[in-house]
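What follows is a pair of complexes built around subunit A, which joins subunit B in one and subunit C in the other.
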Partner chain A sequence: MSLAAEAFVSQIAAAEPWPEKATLYQPLKEDQILLSDSASSLAVQTFLRMCGLPVQVSCCANAEYMSPSGKVPFIHVGNQVVSELGPIVQFIKAKGHSLSDGLDDVQRAEMKAYMELVNNMLLTAELYIQWCDDYTATEISRPRYSSPYSWPLNHILAYQKQWEVRRKMNAIGWSGKNLEQVYEDVSQCCQALSQRLGTQPYFFNKQPTELDALVFGHLFTILTTQLTNDELAEKVKSYTNLLSFCHRIEQTYFKEHDRESQSGSSRHSKGSLP
Partner chain B sequence: MAEPMELLCWGGDWDLPSVHTDSLIVLAYAKFSGAKLAVKSIDWTWRTITASVPQLHYEASTVTEPTQILNFLRKQRFNADYELTAKQGADTMAYIALLEEKLRPALLHTFWVDADNYANLTRPWFTSHSPFPLNFFVPGRQASLALSRILLTKAESPLLNITEVEGKIYSEAKECLNLLSHRLGNFHFFFGDTPTSLDAFVFGHIAPLIKAPLPSGQLQKHLNQLDNLCQFCNTILKNYFNASAEKRTDCSPTAIHDPVDANLQKLTQLVNKESNLIEKMDDNLRSSPQHRPHRH
Partner chain C sequence: MGTVHARSLDPLPMQGPELGVQADDMDLGEPEHEEKQEVLENKDVVVQHVHIDGLGRTKEDILTYEIADVFRAKSLIDVMKKSHEARQRLLRMGIFRHVEVVIDTAEGANALPNGLDVTFEVKELRRMTGSYNTMVGNNEGSMVLGLKLPNVFGRAEKLTFQFSYGTKETSYGLSFFKPQPGHFERNFSINLYKVTGQFPWSSLRETDRGVSTEFSFPIWRTNHTLKWEGVWRELGCLARTASFAVREESGQSLKSSLSHAMVIDTRNSTILPRKGALLKINQELAGYTGGDVSFLREDFEIQLNKTLFWDSVLSTSLWGGMLLPLGDKPSCIADRFYLGGPTSVRGFSMYSIGPQSEGDYLGGEAYWAGGLHLYTPLPFRPGRGGFGDLFRTHFFLNAGNLCNLNYGEGPRAHLSKLAECIRWSYGAGIVLRLGNIARLELNYCIPMGVQSGDRICDGVQFGAGIRFL
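Let's look at the complex of A and B:
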């Protein structure tokens, strides 16, 4: 959204309280959603739970096309539609709920830097593995992405999406990497996160922030999703404090609520965390 | 070592050893870690279009990309990050990611996409530093690469129009610069008194922005108000590159302490004010008959 539109949205947002019927849209959970979208969606759901804001999750085959920015997930609140974690955090801040108010400027700089690290490395690696690795793309990504559609639309859409992602990888210089290097990058990213987390319960000590939601979303999805091989999950599992971090957030924010909204029961998943 | 390591990079100008961000990062890191590099500039050679710069040659191997080159130098035991704690190493990775995501698109835009700057500064410089007939191709190719990178990473699919994205990338870049300034505070370098790889990355990104004589540079103006970052850049140039860099008048070394915080707060307020101003504009918009009046 342009700057003017963003400012406009926050003006409107500030005027109304959080409604009962806020909805979060994502692609179909069982058949269609892919690893990267599932991770982003879980991050947003976690963030909303941390703020104590109720939201219903609605799965639609065309969620990606409904979204204003073309990316999922997006939330429909009152008469506004906001997509992606960054704008959603700002939108919710305009409504008066914020998790990062207690941070000082240096900590806020660190938090933003770590969020960019997760987006830059983990999300890009997930996209690479899904779409640039031929085996995964053929076995998992293309069939799943196009499952709601009939022939020939399913082929066209799947290949279009693959071409789009590969173009992006090319532009940022990831197309020259092979799978081993990508796994190595994921491992380094997890190492950085693990060292930053240390023995604390959350990244900024006692209170969870949007960084915790984002990291949880990605790591939990990686751990509970079955790809063609387990190497990605193994990389994450080797950091025990990240595992216990995920357990803790799952226990605190997801087990208390209804069983249906538990995020662990998604496709190909092995249920809750091992 | 039998033979020194050879680095290929773009040449220097405007008081800098190189005008290219990635080359600057490697050059700065080499100085910080004490690695001796034989620097070969690719200006006026065919390598301007064939090589991916910067490129490090050592014995038989070739390494490209700043992160790979820095890893290679570390393996050769030229390590400027030796004294960092594990957490500081993690912070380094995070801040580098922040620079790449938030600052680099705006830098690419300032130098390669902004019509004024491109026509008056960037293209003439690169044209004059490339051999005939490459001088017709090199700047254009870099410009289209820069534009496609910005659009593919920052533009959301319905928009795909550079003007829509401009506002967003500049405001993100200004926020990024403010964050870096907050983090640097009153210190000479980001982690204490000795420079590390993070300092090299930050230097590589902001030095061209400070030093280049840009005709239209709103980002440059913003950066010039962040005294501690200007000071940081000039310190590195003076101590490590022996450049007789005339200190710019608005980056005086004496008054660092209080004015830094005051300036920084002013700047954070400026960025907020920008969005407030836009909100005020929208106030008028909202009271126009096309929009439904909202109950408060």
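Let's look at the complex of A and C:
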């Protein structure tokens, strides 16, 4: 479809109200999903809860291939399929719900900058640890990623994904780093976030924004996911205001709908916050 | 027939010095000439030697089976017939460019007076032949490289390789074929391939990378093929506007299946046969040798042809099939059957019959399709004896139905489901035969029994293909 036609269709879609059966798709929670995807998915779920929009979470082994951009999570709303937090925020805004309306231009620019920081630092660090660290890749990432498939397809897909991520790390210059440097980068990122948060309940004023959803998604997942060692979680835990930030958001948005929320148990996740 | 120096199979006067008849004898008067003819026909001969000249890399042991029959010939006519048959058998192995037969009197120390020597003069195919084409079509250009190595190790093995590099897709195929020495119809082949396909009627893109091995063997009058195939299938949406049902099918899967096919073909030609019948039954069981998909698939094809008065041919055909998913996963869109189009039920758009979602056709798990055709030569027979013979007019009646097997009720319910809401069409058109492989059709179709969701193509429809209903 041409750009004009796409814009037209999304305008039409924007006019429709939020349906009852909106669904969010992610990889299988128990066996397949990895840290980075889990963090992205939690960020989107948090954002939707903050907007007060109900969504069902559906786990599919082929969620990554179903997604129009190849990345999870994606939401299926009416006739539209939108993936990744950025486009989803835009899509929700077109429907008339927005968390960042109260911000002025300077704050909005600042919010975008911090979101970029999280994406470039935290998300990349998560990908590095999962796929470029041999021990983690062998013990956790490859077996989990390929669990829905049978031999020999599981090995082929796991190695294909690993090569793809390593090529990307090469392209952005992270392949020269070692694990210690990556942990350092995570620490610095957390420090910047911690400084910005200070003693406020949320990053901007008293209202949560998409930045809060994104930071919560990543930090909560890091804290509750079992990796080969606990060093990543320790780096985050050393900033107490971030820890209480995560607690607060979990209490506000997730404890009320406690049946099958993110605090549910899974082999990979350690359950609720320590 | 080829060059056989014994001239012809008819009992005509044999001429020429090769047959041991002196030229002087032939110049005698008529009566003696007649006598000589009869003598030659009834003369007992013994084939003493059969030579094959011109062998390079071909091993002799496989050829002895093909020419063994020639030794059993008892009379001259028999020798000619059997050498002709042996020549056909040598040519069908696909290792010789041409074969010539020379029948001569036996020479040498132990030559009998009625002994004959038969010599096959052969020319082998080149070790490697290649081809290079460029193809342009449908917003895509591609370069196709083909390599063929006939008779690789000397026993009629064949290795073929084809590689297609295009602006959108790349595909390749490598195939190794080996017949059993002495029984060319028993053979096995191993194939390695990557194929990509785009299916706009389902908004689906499929990439298959696979390996397969198959054994073929004849039993009495039927031909059987046993095949194991392992395919890595990648499905994706062709466009951003694909329906969600197709989007849900995207992903990777591995299919490992065993299949058996039986073919009985008594037709005189594959395209536009005048007489004979075809029966093909195919079954495939997937999932018990590994892989992610698990199903049992059956399909059959029947065709009957009969020549009627005035050079016209009546042809009926029936296709049907069923896909039964085993286990709890539903069937995959790439395994299901599709119906409709210029090569099956004419008058409908390509594969545009049956279950669909937002305009994307999802295929069905059970189907049947039937056709009744009357082929006649072109009216007024233009170009008779030449180009005009490639054309035929035909009048057709096609019908078919497609559905899914998810009603949870017994087979009776499925049969009645297939019997209601039948799509059918009738019309007339012109058929052009391309070699012995393909045909083109231009038809005027009137579709009937159209259900909501089907896409029709009433009026003029063009079709090209190798397998038509």
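Criterion: the second predicted complex is superposed on the first by the 259 of 274 C-alpha atoms of A that agree within 3 Å, B and C clash if a C-alpha of one lies under 4 Å from a C-alpha of the other, contacts with A are read in each partner's own complex, and residues count from 1 in each chain.
Please note the rule applied: a contact is a pair of C-beta atoms (placed from the backbone, for glycine too) under 8 Å apart; a residue touches a chain by one contact, two chains touch by 3 or more.
Because the structure is a prediction, the values reported are computed rather than measured.
Colleague: Clash or fit: what happens to subunit B and subunit C when subunit A is overlaid?
Modeller: Aligned on subunit A, subunit C fits beside subunit B.
Colleague: For A:149, decide between first (touching subunit B), second (touching subunit C), both and neither.
Modeller: After superposing on A, A:149 lies in contact with subunit C but is clear of subunit B.
Colleague: Tell me the contact category for A:76 with respect to subunit B and subunit C: first, second, both or neither.
Modeller: second
Colleague: Quick one: name whichever of subunit B and subunit C touches more residues of subunit A.
Modeller: B
Colleague: Rounded to the nearest angstrom, what is the minimum C-alpha distance from subunit B to subunit C in the superposition?
Modeller: Between subunit B and subunit C, the minimum C-alpha distance equals 9 Å.
Colleague: Please identify the positions on subunit A that touch both subunit B and subunit C, taking each partner from its own complex.
Modeller: Common to the two interfaces on subunit A: residues 1, 6, 68.
Colleague: Okay, in this complex, where on subunit B does subunit A touch?
Modeller: Going through subunit B, the ones touching subunit A are 65, 86-87, 89-91, 93-95, 97-98, 100-102, 145, 148-149, 152-153, 156-158, 164, 167-168, 171, 179-180, 182-183, 185, 268, 274-276, 278-279, 281-283, 285-286, 294-296.
Colleague: For subunit C, which residues count as touching subunit A in their complex?
Modeller: It comes out as residues 232, 235-237, 239-241, 244, 247-248, 250-254, 290-292.
Colleague: For subunit A, which residues count as touching subunit C in their complex?
Modeller: Touch residues, subunit A against subunit C: 1, 6, 60-62, 65-66, 68, 76, 81, 149-153, 156-157.
Colleague: If we count contacts the way the header does, which residues on subunit A are in touch with subunit B in the complex?
Modeller: Interface residues on subunit A, with respect to subunit B: 1-4, 6-8, 10-12, 15, 68-71, 105-106, 108-110, 112-114, 116-117, 119-121, 167-168, 171-173, 188-189, 191-193, 195-196, 198.
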